[in-house]
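Please find the structures below.
Here come two complexes built around subunit A, the first alongside subunit B, the second alongside subunit C.
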Partner chain A sequence: MFKFLADFLPIIIVGLSLGSLFGLVGLAFTVIINASQLVNFAQGDFAMFGVAVCWFALTVLNVPLWLAFPLGVIGAALFGLLTEKAIITPLQRRGARPFTMILGTMAIGIIAAGAVGAYTKFWWMKINPFLGSEPWKLKKLPIDHQGVMIIFATVVLVIGYWVFLNKTRLGLALRATGFNRDVSILLGIQTAKMVGLSFLISGVISGIAGILCAPLSAFNAVQGLPLAINGFIAVILGGWGNPYAALLGGITLGLVRALLTGYLSSAYAEMATFFVLIIVLTLRPQGLFSRFMIPESKKN
Partner chain B sequence: MKSMLSMRRISWLITGGFILTSFFVHGSNAAAAEPKPINIGFSCDFSGVTAWEGNVEFPIFEMAVKELNAAGGINGRPIKLHVLDNGGDPSKTVGTLKVIKDANNCVASYYGINSASGIAAKAWADTNNIPIISCGPLSDKLIQRKGKAWFFRSNLSTSVGAEVILGRIKELGYKRVGFMGSTQAMGTDCLSYLQENISKFGLELVGSVLCEPNSKDLTIQAKRLRDTNPEAVIYSNYAADSSVWARNMKTLGWQPYVTTGVGLGLFSAIRDITPPDLLEGWESVAQIDFTRPEIKMIWDKYAAYTGRRSDDEKPPRTWDGAHLLFEAIRLGGNPDDPTAIRDGFYKIKNFPIVSGPPGAKGSFEIGRNYLITPKECTMVVIKSGKFAMVQRKK
Partner chain C sequence: MVSRVKRDFIVLFVVLGMAAVLPLMVREIYLYLVRLIGIYAIMALGLNIFMGYCGQVNIGVAGFFCIGAYIPTVLQGKLGWHYLIAFPISAFVSLLVGWGMSWPLLRLRGHSMAIGTIAFAMAVYLLFERFPTITGGSDGTVVPAMTLFDQTMGNIFYYYLILVFFAVAFLICYFLANSQIGLALRAVRDNEEAAAAMGVDINHYKRLAWLVNGVLASIAGSLYAQQAGFINPDTFALSTNVLVLVMLCVGGPGTILGPVVGAAIMTILPYLLVKIQQYTLLMQGLVLFAVLRFLPDGVVGAISKRFRST
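So, the complex of A and B:
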């Protein structure tokens, strides 16, 4: 039994922690999709920018982690807001097509990666594991505490997001904007501000995801894109427009990759990701968990 | 009076004409006297995943060119560098080389860093007959065993590094060897070499794992390799993934002898981004000897030129690459002929290099288009976060 746990537990923890990471980025994508019907191709760069600000605070300003972490998250959130103010709002006022706005988000992401890269010379922004290098031990079974922290943070973030959406007036306004923009305007909801809020929230979620995963492997200016790709796949796998489905899609993706790596080879993990995506798009294009936590009234 | 005015006008005309003629003649003479530059391309990763290496190699190469030009150039002709970013992408690399040849009329080029783009650069050089010197890519696919090459390297090749570390493992008395590497050329080349040659060293390859670039966690791979019970582990991977590997080995409480043939450039990056306690005792092959004064000189020059330090083998090997190119141009006899420059590389014999042990000399031969052989290699170990030379048995 111990041997089974010793073999299986690392796979589950790795799968859940990686999956939580992808799920968080997927959740961040969905927040913006629901408010503005746009895909934000700078999503991974929001995470990267959060890491950059946190790293800068730690290494250049020499502030402790408990201060650098929230500074990084604020940095990512402000970058999100800047994206909305500099790209989305002006283009919307000019009546630009959604595709143009999506290209605009891609451009600002590339600019951010280039700017951070120019400052850091594309060197890694090293952030040490929050609780040191020694792993936890559960009856001699080693546990990677950074991975556990990612899982815990994901649970807290998702609960917090649910409470915000369902128990606050601002959350209700955000949900209304995503549900029916025109009616929301008629009801007096300032939908433009709701879009700005969605970018801000998305920045917060991406920033937290980025900073939590930076100690797992060194982050540099170009690492935002791989994170964004996996997050986007999580959205497709889980279900378009459903934030909880995106999270479950990410966890599914993480577990599939971990199981393949554990029992076959990691050389297949990347290929398997896209293989699973093709299967889901073919057999269940609405996503595996599209109806998860959707109110009855919206299920038709 | 009238005649005096005319005389004055005439003299002004003559003076003005004389001045104008002087400028014209001087300008022509100046143009005629200015030597025609030797155009050299520089296609490197200034953006993308390996940009951190390109941003070290360029200042060194530029510094070497400036010093050469200040000393009179090659046969009185200065080198003019044409610099382009290839982003670490093979197709962009070929694109930059085309511009270097067609638009900039370059007779030779530098290429850095990664093997995938290096392979593309080599194929382009072979087709377009432009000699290229490189200081970064590790892949054995860049080795040309037959005929004269157009692509040369001043860094070590995967098989050279692997040969050195297998010798070291044997020296330490280990028999069972495990391997962790990238799914890219750096890892697969090394694994192929080990599979074909490890038995010649009296060693056994008991297990191997490959991992995708940018892996966030390698616990599962580390566990699989640990379960094959190797005494020594060879890894051949990029810096970020190697850092993850170190962390996950620690998570499992597994601390075998660990070594790598990727060279000090990558090894120092791994050291810089990984908590030092995770790398204690790790060794790497290197192509420099820290005790040589030339190494410190180049490191200090780089620091003075750029305002930051890179105390590893990237500056010295780039320095060697630049000077080997200059020597090839000189020995080729015709700086305007790429073929003459290519042949010049093969005329280099016993050229003093800063890589290798004290007094090392460099050359290229038909069948060996890379500078560093096992006898130029050294080994370093990490002790308390710092590098130290490994004293090996002669």
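So, the complex of A and C:
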């Protein structure tokens, strides 16, 4: 029994923390999708950029972690805002085709990856675990505190996002923009600013997720796009346009991958992701949890 | 119409003739660049049929490129088959894989299709990376040199091989674009519902464009592996997808010369601008950004628009 638990518990923690990373990136995707019906292919690069700023602050500027962490998050948020100003708004004003918008966000991501890569020479940006490298012991079971911290942060972030969206006027304006842009303009909501705000929030969320997970997964400059792909798979797996479903989708994905890695081999885990995606796209294109936590009146 | 076809053919034959006598005059490094341009142009031409003419999104070309590069290599290296047998087999395998993948992928639209095709490319990449006993894994594998009539073929032979395949690919795409099929593809791009109402079989044409795209990318992959002499899976990772997309956008999607011009620009530019490989990605990003922002029709599109207006 102890042997089973000693295997099982770390796998579940890894799965949940990996799933939280994918889920948070999926949530960040959904924030933008809900405000402007856009898919931001630079999403993973927001996280990567946050990690890069944090790493830079830690290793080059030698500032302590409690300062470097917010700096990284601010960096990711500003990068999100810059993306919106530099390419989303100009392309939208021109009435570009969706395929151009996809490439536009990808271009921003490539620029970030190229710039960070040129500085770091595409090496691993190493951030040590926040509470030291020694795991906690719970009755001799080792527990990875970084993983626990990620899970905890995910819960806090989602609750905070829910409160912001449902209990504040700004959140109401954001939801209204996504629901019907023309009517929102009539009601005096500055929809252009709301789109910018959605990029800012999504930068914050992916920045936090990226920096928290950086000690667990070796981040380098080109890791952004694969992360964005996994996050987007979480969105499709969960359900289009529903932030909580995206989170659940990400956690499902993380658990599947961790269980496969733990009990079979890591060779199959990543491949399984794509097969799961193809199967879900074919059999249940609306996603597995598309109705989760969405009030009755909004279903259509 | 006749005069335009005649003009285009004269241009094509002049360019091919110049390329054919090029090995007599210039150094090996330039021949290497021309070989790369030819290979990437084949890939971009196929992508242009699917994205430029049919209006779909494919960010997974590298998947087919990978299949085309690895299957002949493995067949030659492990089974000792001749390249000229293994090469058509890989193209046929790509056709089959593309046909199989067309069921789940072509039902998608826009963003979902983009992510679906990326996922396809990643799955192929992982497939070849994770079985090191067959493919050499992430360390890569040496591609056996091709022999013909008991002689090992050199770079000059590959140069002409690529040239021939480029000419064939260009002619195929030229006729596809200028025929009834091209008209149907453009109808699907501009308005799917209207095209369906006019009796265009949307799924049929999408699948056709997807298969042309896949097979041409696979042929480019086979040629690439053979002329490079060494492949590893990283060659076929996401960067190749991005590179081909950038080429198409720079040249101009939906124009017949666009992919060729784009391939030439994006192959030569890194050699002129940056001597250090670390800056290549940054440069690609900046070029893509600048083109999307200021030159939405690409170089060829902008030039032809200028000529038409004056």
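A few comments on the model shown:
As a convention for this text, the second predicted complex is superposed on the first by the 299 of 300 C-alpha atoms of A that agree within 3 Å, B and C clash if a C-alpha of one lies under 4 Å from a C-alpha of the other, contacts with A are read in each partner's own complex, and residues count from 1 in each chain.
By definition in this document, a contact is a pair of C-beta atoms (placed from the backbone, for glycine too) under 8 Å apart; a residue touches a chain by one contact, two chains touch by 3 or more.
Just so we're clear, the structure is a prediction, and the values are computed from it rather than from any experiment.
Annotation for the three-chain superposition on subunit A: subunit B and subunit C clash.
Contacts of A:S17 after superposition on the shared chain: subunit B is touched, whereas subunit C is not. By the touch criterion stated above, A:G160 is placed in contact with neither subunit B nor subunit C. Looking at the shared chain after the overlay, A:L277 reaches subunit C, while subunit B stays out of its contact range. Of the two partner chains placed by the overlay, subunit B and subunit C both lie in contact with A:P226.
In the superposed model, A:G117 makes contact with both subunit B and subunit C.
Applying the stated contact rule after C-alpha superposition, one finds that A:L91 touches subunit C and leaves subunit B untouched.
Judged by the touch definition given at the top, the superposed model places A:G104 against subunit C, while subunit B stays out of reach. Once the two complexes are laid over each other on the shared chain, residue contacts for A:S217 go to subunit B alone; subunit C is not touched. Counting contacts by the rule stated earlier, residues 114, 117, 121-122, 222, 226, 267, 270 of subunit A appear in both its interface with subunit B and its interface with subunit C. By the touch criterion given at the top, residues 7, 10-11, 13-14, 17-18, 21, 114, 117, 121-124, 126, 128-129, 133-135, 142-144, 147, 213, 216-218, 220, 222-223, 226, 258, 261-262, 265-267, 269-270 of subunit A touch subunit B in their complex. For subunit A in complex with subunit C, the touching residues are 39, 41, 86-87, 90-91, 94, 96-100, 102-104, 106-115, 117-118, 121-122, 222, 225-226, 229, 232-233, 236, 267, 270-271, 273-275, 277-278, 281-282, 285. Residues 47-49, 51-52, 55, 183, 209-212, 214-221, 223-224, 239-241, 243-244, 247-248, 250-253, 269, 272-273, 275, 277-278 of subunit B are the ones touching subunit A in the complex.
The touching residues of subunit C, when paired with subunit A in their complex, are 51, 55, 57, 59, 103-104, 107-108, 110-112, 114-116, 118-120, 122-123, 126-127, 130-131, 238-239, 242, 245, 249, 278-286, 288-289, 292-293, 296.
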